[in-house]
Amino acid sequence: MPILGQNQYGKAENRVVRVTRDGATHHIKDLNVSVSLSGDMDEVHYSGSNANVLPTDTTKNTVYAFAKEHGIESAEQFGIHLARHFVTSQEPIHRARVRVEEYAWERIENSGEGAHSFVRKGQETRLAQITYDGEKWEIVSGLKDLVVMNSTNSEFWGYVKDKYTTLPEAYDRILATEVSGRWRFNWTDDEQQMPDWETSYEQVKKHMLQAFAETYSLSLQQTLYAMGARIVDHRDEIDEIRFSLPNKHHFLVDLESFGLKNDNEVYFAADRPYGLIEATVLRDGCEARIPVDLSNL
Amino acid sequence: MPILGQNQYGKAENRVVRVTRDGATHHIKDLNVSVSLSGDMDEVHYSGSNANVLPTDTTKNTVYAFAKEHGIESAEQFGIHLARHFVTSQEPIHRARVRVEEYAWERIENSGEGAHSFVRKGQETRLAQITYDGEKWEIVSGLKDLVVMNSTNSEFWGYVKDKYTTLPEAYDRILATEVSGRWRFNWTDDEQQMPDWETSYEQVKKHMLQAFAETYSLSLQQTLYAMGARIVDHRDEIDEIRFSLPNKHHFLVDLESFGLKNDNEVYFAADRPYGLIEATVLRDGCEARIPVDLSNL
Amino acid sequence: MPILGQNQYGKAENRVVRVTRDGATHHIKDLNVSVSLSGDMDEVHYSGSNANVLPTDTTKNTVYAFAKEHGIESAEQFGIHLARHFVTSQEPIHRARVRVEEYAWERIENSGEGAHSFVRKGQETRLAQITYDGEKWEIVSGLKDLVVMNSTNSEFWGYVKDKYTTLPEAYDRILATEVSGRWRFNWTDDEQQMPDWETSYEQVKKHMLQAFAETYSLSLQQTLYAMGARIVDHRDEIDEIRFSLPNKHHFLVDLESFGLKNDNEVYFAADRPYGLIEATVLRDGCEARIPVDLSNL
Amino acid sequence: MPILGQNQYGKAENRVVRVTRDGATHHIKDLNVSVSLSGDMDEVHYSGSNANVLPTDTTKNTVYAFAKEHGIESAEQFGIHLARHFVTSQEPIHRARVRVEEYAWERIENSGEGAHSFVRKGQETRLAQITYDGEKWEIVSGLKDLVVMNSTNSEFWGYVKDKYTTLPEAYDRILATEVSGRWRFNWTDDEQQMPDWETSYEQVKKHMLQAFAETYSLSLQQTLYAMGARIVDHRDEIDEIRFSLPNKHHFLVDLESFGLKNDNEVYFAADRPYGLIEATVLRDGCEARIPVDLSNL
C-alpha cells in the first residue's frame, strides 16, 4: 500500500486589516496570513476520519480573533501568537507554520481633523514565516517585488565561451533586478531576547539597498553576495539570507541603422527569458536552512 | 459583402528606458509605449495588400529612435512627438493614438560617487494617451493601481430596500478603493500654450488624494464626485475626468461567537465581488469625450 | 460647479455556480456576473443621498436568487432576466448592463454511478453583455483567451518602408494570436424571435477557427477580416463583430552561428512588444455599436 | 567573513516553439525552458571573476540550438539532452537542473490542404524537472492549473471543535480544487530502460482524474491520498507524488431570506481564503525527495 509522506494543511491567504486608534489618529496593519498545520494526520488521509482535524475554517477564525485579542504588533509577533496557539492547544498538531505577507501604507495628508487616510505604498511586499514545533522557533523574514536598478557601474566580461556563446562583453551596462530575499533569525527559543522585528526589517532593507547601490558590479552574483554579506555583517540577529535575483535585462538598442549613436541612453527592457541568480549567504559557522527554491507566499 | 468598420493597428507595449546623464547624476524615464494607427487601410483587410502599411516593427523602431532624438521630457510630450510623426510622414495614416504607461523610480542613497541607483516606487502606474488627426490633439492623462483607504468618516444608509436587500446600514465603515482615473486636457491645438505635463500630473494626484481624505463620505459616489470636482476646480488645464472606483470591501468580522467585541478594529479585506462605481465629472459647458469603459492600458 | 456626466454603478464579479440535477447526472454553469446600473443618480454624487440607490449588495443577492428562480439556461438569457428586473422594478434605474464571463467544464469519466465529476476545459473564456433601457435590448456576446496558431501559410511583404524600417520581408512565417472578439446580435426587441444563444456561440466559434485555419494570410488584418466576414455570412443573427488580435510574434531563431540551418523549425515565442490589430466587420447597411476598445470583462 | 552557501544560476523562461513537418502535416511542441547550473562558482560571488561562468545568454542559445539538433521528443527527453550537455561539457559545472513548462495544442479542422492550424488546449500546464549531477538523474514530472470539481459525493464532519470553531458539518458539498502535482520517476541511471515520457504523462493524468471522480470523499486529504495511491499502484515507473490542493470553496448561498430553498443548486465560488492541503504519497520503501513547497515553475 502506498505510504503517506510529509503532509500539512490549513487555511491560506486570510486577508486581515487591523485598525488601531490612538484618539483620532489611526494606525493600520494589512496582512495576508496563511496557516499550515501538521502532526498526527494519517487517518484523515487513509480513511477520511476527521477526528484529529481542526477545520481550516477554524484556523481562519483564529486569525481574526487573535487580531483582536493580541493586536498585530508585527507580522512576526502575530505569527508567533498563532503558531504557539495551534501547537499547544491541539494535541494532534505537532508543528505549525504561519506565513504572512504585509502591505505597507503611508498617510495622506489631510486638512481636516484626525489622521485616518492612507495610500498603499506599493513598493515591496514584506514576508514573514514563523515555524514552531513546540520547542524551537524558526523565523524567516523576507521581501519580494522590490525592483532596483543601477544605470552604470556594472560590467560583464571574462566569462567562458563555448560554441554556443555569442554574447559580446559589456563594460558599462544597466544592472536591474527584482529582489526576492529571505533571512533567518538566530532567535529560536522563548528564553532568548526577542529581536525588534520592525526595526530589524527596516535595517535589513536599508542595507540591502545600499549594498546594491554601492557595489561596483562585475557580475550579478557579486552584487548578490555583497547584499547578503552586508546584512550578515550589520545585523547580529540574522544568520542566513537567500536571494533569488532575476537579471532584468535592459538591452542597449541598436540605433545605428537610423544614423543615431546610442551612448548608453536608450534601452529595451526585456521580459523573458531572464538570467536567474540564486544563492545563500551564511554567517560563518552557521547551517543553511532556507530552502533552495523560495516559496512565492 | 461584409463591410470593414473602424480599424487600427500598431505595436503595443514597447518597453523603453531612457537614461539621461547630468555628469555623474543619472535620470531615468521608464515607459511602456503602445502605438495605434488608422487611416486608408481598407485594402490590407480586404485583399492583404500591405502597400499602405507601415510595419508595426517600424513603429517599434521609431519609439526607440525618438527616445534618442527627442529625449523623454514627459510621457505626454513623447507621445506628441510620435503621433505627429506618424500622421505627418505617412500619407495613408490619418490618425495616431499613442498610449503610455509610466513607472516611477526614486533614488537609493549611495555613499559612493555619482547618483545612478534607483528603486521602483511601485505606487500608481501613470498613464497618458495622445491622439492626433493632423489637426487637433486630444490628451488624456491618468493613473491606475492607486489604492487608498479611509479607516473612518464613511457611512452608508438611507438606500432603497427591495425584497432582495439584506445589507444592514453602516454608520462608521472603512472606505477603500483602487483608483483608476483619466483626465482630459483642454489643450488641443499647437497654437495654444502647452501645459506643464509633469507639474499637472503631480497636482492632480495631490488633489485627488486630498479630496479622498477630506471628504466625509455618505457614499463612494459622493467621494468620487468630490475627487473629480476638486481637480476641475483647481486645474484650469483639465475639462473632464472619469473615475472607475472598485469598492474594496472591508467587512467587519463578527467576533461575538468568540466572546469578543469588534469595535471597528478587525476587518476581512474581500476580493470579489466588489461594488464598482464609475462616473465622469465635467467642467460646466464642456463635452464628455472619455469613453465609459476605461481601457486598461 | 463641475457637472456630473455618465455614471453607473453595481456589483462586479459575482461568482455563481449553478448545479442542475437530472437524476444522478449533474449539469453545471459557472459564471462571473457583473451588473452596472444607471439612471436618476445625480443626488448620490452631489450630496451623498442614497434615496435612489439600490445597494450593490442587493444586486449581488439578486444574481444568486435569480440563479435559483430562473436557472441559468445561457449567459445571455440569465443576463436578460437580470437586466429586465432592475430596469422594471426600480423607477430610478433607467438602464442596466449585465456582463458575464463563462467558464466551460467537461465531464470526467467515472466508473461509479452518476455523472457529477468535471474538469475545467480551460480554453477560451466566453463573454456576454446584455444591455436594456426598458425598450430595446443590445446583446453582445464574445470570447477572449483563445490562442491559435498557423505554422505556415502566412506571409508579410510589400509594406511601406521608411527610414526606421529594418524588418525583412517574410514569405513563410508562423501566424499566432490570442483572439478577443465581440459580436452584436440583431435581436433587440422582445417581440422578435430570440436566438438560440448556445448554438449561436458554438457556431460562431467554429466559423472563427475555420476562417483562421483556412485563410492563406498576407497580413493579420486580412485574416481578421476573413474571420469576421465568415461569421457575418454564416450567422444571420449577428450584424457586427469586432476583434482585437495581438500578433503573438514567433521569431525564427538565427542558428547560423552554431553551424545550423533553421528551416522554419525553431522559434522564439516573444511576449512584448506585440503587433495589435483591431477592427470591426459589419453586415452591409448596419451601424457599428461595439466600442473601439474592447473591455476586458 | 560571511560564507557562500548553495547557489545556482542560469537563464529562465526560454520560450521555444518547435515545428516538425511530416509532409503537409505539422506537429508542434511549445515549451518554456529554465536552466539552473551549479558547481565551482565561489569566485564569481566573492570577487566577480567570471572565469568559470558560462553566460546565461549561452544557456539560452543552447536551448534553441538543441531544439534543432535533437528535436523535442518530450519535455523530459529534451531536458535530459540539455542537462547532460552542461554537466559534461563544462568542467566547473557539477549539476544542472532543467525545468520545463509545456503548453498543449490541438488541431483545428481545416478544409484546405495540410494540417498546420492549432488552438491552444488551455487546460493544465505540464511540467518536467530534470536534474543531473554527472552520475544520477532525477526526473520529476508534474502539472498545474488543472481545475476539477465533484458536485456531490463529498462530506465534511466529525472534526475537532475548539472555541473558535463555527463551521457547520456538511453531508453533501461541492469538492473542487486546482491540482498542482509533481511525481518522481525511479529512472535514475542511463543504464536503465527509459520510461515512455509521453505515455506516462497521459496515464498519470488519467488516473489522477479518475481517482478524483471516483472517490466518495470525507475530506480533501482522503481524495488527495486516493489520487496519489492510484498513480503509485498503476504506474511502476513512479515512486513518489506530491500534491498541493487548494480547496476551492463553493459556499451554498443562503436564499431563505428571499423565500427560496437552495437544495444544493446555487453556490458562491470564493477566491480567498482557501483551505490548502498538501501531502506526499510514496511507494512503500521509497524515500521522499520532492520538496515540501512545490515550485511554481
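A, B, C and D are the chain letters, set down in written order, and residue numbers restart from 1 in every chain.
Just so we're on the same page, a contact is a pair of C-beta atoms (placed from the backbone, for glycine too) under 8 Å apart; a residue touches a chain by one contact, two chains touch by 3 or more.
Chain labels with UniProt names: A, B, C, D = Uricase.
The structure presented is a predicted model; accordingly, all values stated were derived computationally and were not measured.
Asks: Return the chain whose centre of C-alpha atoms lies at maximal distance from the corresponding centre of subunit B (Uricase).
Replies: Centroid comparison gives D as the farthest chain from subunit B (Uricase).
Asks: Quick check on subunit A (Uricase) against subunit D (Uricase): do more than half of the interface residue numbers occur in both copies, making it same, or fewer, making it different?
Replies: Shared-number fraction above one half, so same.
Asks: For the sequence-identical pair subunit C (Uricase) and subunit D (Uricase), determine the rotation angle of the Cα superposition and round it to the nearest 5 degrees.
Replies: Nearest-5 rotation angle for the superposition: 180 degrees.
Asks: On a C-alpha centroid basis, what's the spacing between subunit C (Uricase) and subunit D (Uricase), in Å?
Replies: 30
Asks: How far is the middle of subunit A (Uricase) from the middle of subunit C (Uricase), if each middle is the mean of its Cα atoms, in Å?
Replies: 38
Asks: Compute the distance, rounded to whole Å, between the mean C-alpha positions of subunit A (Uricase) and subunit D (Uricase).
Replies: 24
Asks: In subunit C (Uricase), which residues are in touch with two or more of the other chains?
Replies: As it turns out, subunit C (Uricase) has residues touching two or more other chains at 15, 61, 65, 164, 166, 258, 271-272.
Asks: Quick check: in the complex, which residue numbers of subunit B (Uricase) touch subunit C (Uricase)?
Replies: Residues 1-15, 34, 36, 41, 44-58, 60-62, 65, 89-90, 92, 156-162, 164-167, 217-219, 221-222, 224-225, 228-229, 232-233, 240, 242, 246-247, 272-284, 288, 291-293, 295-296 of subunit B (Uricase) touch subunit C (Uricase) in their complex.
Asks: Considering the complex alone, what residue numbers of subunit C (Uricase) touch subunit D (Uricase)?
Replies: Counting only subunit C (Uricase), the residues touching subunit D (Uricase) are 15-20, 26, 28, 30, 61, 64-65, 67-69, 105, 108-112, 114, 116-124, 145-153, 174, 209-210, 212-214, 250, 253, 255, 258, 260, 262, 264-271.
Asks: Of all residues in subunit C (Uricase), which touch subunit A (Uricase) in the complex?
Replies: Listed in rising order, the residues of subunit C (Uricase) that touch subunit A (Uricase) are 163-164, 166, 257-258, 271-272.
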